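Shared between the two complexes below is subunit A, which has subunit B as its partner in the first and subunit C in the second.
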Partner chain A sequence: MRKRLRIYLPFAANELKRQLAYKGAFYLFILVNLFGSFISYYLWMAIYGSSEKAVIGGLTQKEMVVYVFMVYVTASIVTASISTMVSDDVVKGTVAMNLIKPIDYRLSLIAMASGNMAYRFLVPSVFIWIGLEIYKIKVLGLAPVTVMGIFLYLTSCIMSFLIYVLFDFCFGMLAFFTTYIFGMRMAKDALLSFLTGQLIPISFFPAAMQRVFDFLPFSSMVYTPVMIYLGKYTGETLAFMMLRQAAWVVLLYVAGSLIWRQVTKRLIVLGG
Partner chain B sequence: MIEVSHISKDFVAPKKYPGLRGAVKGLFSTEKVIKTAVDDISFSIDTGEIVGYIGSNGAGKSTTIKMMTGILVPTKGTCTVAGINPSRNRKENAQNIGVVFGQRTQLWWDLPLSESFTILKEIYNVSDAEYAGQMEFLNRVLELQDFFDRPVRTLSLGQRMRADLGAALLHNPKVLYLDEPTIGLDLVVKDNIRKAIREINEKYRTTVILTTHDIGDIEELCSRIMIIDEGRKIYDGSLADLKDTYGTRRKVSMEVKQPEKAKGLRLHEILGVQETACSMSFSPENSMLCVTFDKHRLQVPQILSAVMAVVEVKDVQIQETELAEIVKEIYNHGVGGKA
Partner chain C sequence: MNTVKRYLRLYRVLVTQFLKTIMQSRVDFLIGLLGFFFTQVMGIAFLYLVFQQIPSLQGWTLDQLIFIYGFAQIPRGIDHLFTDNIWLVAYRLVINGDFDRYMLRPMNIFFQVIAEKLQPDALGELLIGTILVVRSLTKGIVIVDGLHIALFFVSIFAGALIYTSIKLFFASLAFWLKVSGPFLQIAYDMANFAKYPTEIYSKGIRFLITWVIPFAFVAYLPASFFMKADTSAGVVGIECGIAFVFWWIAYAVFHRGTQVYESAGN
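Take a look at the complex of A and B:
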């Protein structure tokens, strides 16, 4: 384990350094995303304002404010895309350079993604989170999050990250068959923003659809940690939700290994 | 060290049709085209050999190298490198080999070279003492210290190639694969790279497999060469043998005093051989008479005396056929069954 850490930690550290080198683009990215969060904030305020019910989909107006911004914080930590790196490696043929070294390709990608995650956590997320927490206490008058709450939320976030990354690895494998997956990535992102609860909380969907979502890994990516943060899950439900996340981590890990074994058999290296 | 037996690699690609209509048709067609990049190649390489692996573009050189490194899985046949099957045990095999792909870099583009080396040290599990020793050696032969702290993206091609070679050698591999290591380099850098390869081979008895289009690389480094064409091995043997077998033509150039007399010369008739064994050409601008002949059939003095009997000769040059010429001839005609 320690040896593994020694090998893969530099990949994570590298990614952090690389992000720092291209920080201009990254700040722009934050700004655009935050802009989106404010749009959905005003949209929800309008919906609550014109609704006669105080609670919609199990969330009060105040909780919705927290939901909207915590989704932003969570998604920016969790969704470190590795399919982009896979498709880059395939298109440029650099996947060969990874395969000539005695390293596990997927682990090196996950290490890079975790460097990315650490950076995103430190740079925008933690500040927005603190800001939100202050706003929540001072303006909304809600109780501050407990230490246990933070601990559960972060644990859930780490599992969410693993679920997302392992899923994205499987998705990225498509690049080996189609070479170019930009279009599919756009489709995936659009679909995920629905299925993970980033756009609309999953509790807003019809009951039948929610049952389907229960069997998909997507709600475990963003929705679960945010609901844990909001204190919506307690006792057995909480334990079940976190176990479900853990189960998805294992399942997607195994699926990724199987796909990778197939892919390397029919691998084609492009360009010379 | 390396055993390759009856190895083949097919690539399957969807069939493409020409034109816009073809592009649309391609969307609905499930027809596949099978291209055989490597076709039933076998060879074995001993420890400490430097083998030149040559062939025209697209002959299947890189594909063979990729199968030996474990990147590609052969369609048929087996390959073992230092007792390990590379495609089955890729990671174990990777520990034994060093690879340089001349057109790519294995270094981390955005990081200083020193960091790339630190990462490689961890990946290959090189101890501090080994690292220090190897770095000293690499600094001496490749002079990495001049640009060791600079980001890889700012290095010139020559520096990057030296760095890449250094990176491939850090863990002191048993086998070194070099896929066009001197591509695009100037003469001085080329020379340094060749010197480094030779020194490494002598010091550690590292087995080296080298693909190149640069005949100089082969003449200076390789004791043995393999030529491959359209996926098949067409020659495997020593450089001297190749020259002996295919380099049978020699060329004599003579500057003559009376061009008008030289023009009408019918040398093969005088010497009593067929025209294929002795052909001549004359360029009036510089009064040069060039005679190309089969060295097994004729001798230089015979030609000289035959020419001198007719015209007065001012200057004579004798040229051995260069390896480049031989290789060009092999690529053009393919020597198929002869090898």
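Take a look at the complex of A and C:
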């Protein structure tokens, strides 16, 4: 374990440094992402304003405000994309180098993603989170989150992160079949923003679709930690949700290994 | 007249070359198209799910919102199809010094930039936009008469021109900043606000997307003209005015930029 840390920690540290070097662009992209949250915020305000019911999809208007911004915080921690790195490596052929080196390619990618995650947790997520928490108590008049709540939320987030990264690794394998990963990513991001609950809480879907989602990993990526944060899961449900996340981590890890073994068999890289 | 003919011929030659490169990778073409198509389909699915819970959104029905959404995609798609290369000016061409090649040829520089590429991904947006507008026609929520049909096409082209102008303006900043991609990205993403009725936003945001970066005039405002009989045709008039003014400013900035352009290298 210690040896592994020694090998893979520099990948994470490097990624963190790389991100720090391009601060300007990074802050601008935060702004762009926050735009999305504000559009959602105003839309939901109008939706609750037009509704006769006080509770829609199991959430009150105040809870929905927390939901919208916690989705932003959670998604920016969780969605550390590695498929771009995979596709870059495959298209340029540098993936061959990673096969020669005595390191595990996937672990090195996960380490880089962790560096990325650490950075995004520090800026801006933690500040938006604190801001939201203050707004929640002062303006919305909701109870502050408990220490236990924070602990459960962060644990769930880490599993979400692993589910996302392991899934994204499998997704990145598509680069072996098509080089136009930009288009694939557009489609993936669109589907994920919908299926993970970023765009709209899963509880808004028809019951039959929710049943299907129970068997897919996507709701475990964003929806589950946010609902845990909102205190919507307690007792057995909570335990079940977190176990399900853990199960997805294991399942996607195994799936990734299998695909990787298959795909590297048919790899041909030109040039020396 | 001869110049116009010459440019039309050049455009055909350049685009033919580009189409050849697309034909090499038909799968990529389909993927890109699906990517943009999906993004918009999810937006519609969102509205659909929300309307399971509420009868109308501040007086707008689901069908009306879908029309606004679909109508917004058409000018966006047209601009995306023809002028996608502007993004590269903002992100890459100026800082790399690749912009040199446009400076050397005896052709209009802006013409060269946009003639170099057609973006087939845009067909995804145009496809969904057309489907949704046709759907709205069959539902009978859009006013159909001579004036409205004529202004529909005017509005689409003015809207596309507004898109192009905003893109060109922010991309031209690259001549001074070297890379202006992130700024362009922010301005471009402002368009997402205008897919919904602007009354739902706070005053500040409404002012911003109506008068500063006027995407409301590309999508929501003209769309409501086509649905509500009591809206004045002046909306489309203002849209055209804005399109010309913005184009004039953007092109002036671009032109000035090409004069201060310094190539990269040693």
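By definition in this document, the second predicted complex is superposed on the first by the 269 of 272 C-alpha atoms of A that agree within 3 Å, B and C clash if a C-alpha of one lies under 4 Å from a C-alpha of the other, contacts with A are read in each partner's own complex, and residues count from 1 in each chain.
Everything below uses one rule, namely that a contact is a pair of C-beta atoms (placed from the backbone, for glycine too) under 8 Å apart; a residue touches a chain by one contact, two chains touch by 3 or more.
These numbers come from a predicted model, not from an experiment.
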Per-residue contact with subunit A, leading partner among subunit C and subunit B: C
First, second, both or neither for A:138, with subunit B first and subunit C second: neither
Contacts of A:45 with subunit B and subunit C, given as first, second, both or neither: second
Which of subunit B and subunit C A:193 touches, first, second, both or neither: second
First (subunit B), second (subunit C), both or neither touched by A:183: second
Subunit B versus subunit C as contact partner of A:3, first or second or both or neither: first
First, second, both or neither for A:204, with subunit B first and subunit C second: second
Which of subunit B and subunit C A:93 touches, first, second, both or neither: first
Touch list for subunit A against partner subunit C, complex: 24-25, 28-29, 31-32, 35-36, 38-39, 42-43, 45-47, 49-51, 53, 56-57, 178-180, 182-187, 189-191, 193-194, 199-200, 204-206
Complex interface listing, subunit B residues touching subunit A: 11, 62, 66, 69-73, 90-92, 94-95, 97, 99, 101, 103-106, 108, 110-111, 115, 118-120, 122-125, 179
Partner subunit B, residues of subunit A touching it in the complex: 3, 6-7, 10-11, 14, 17-18, 21, 93-94, 96-97, 99-104, 264-269, 271-272
Of subunit C, residues touching subunit A in the complex: 25, 27-28, 31-36, 38-39, 41-42, 45-46, 49-50, 52-58, 121, 181-183, 185-186, 189-190, 192-193, 196, 200-202, 205
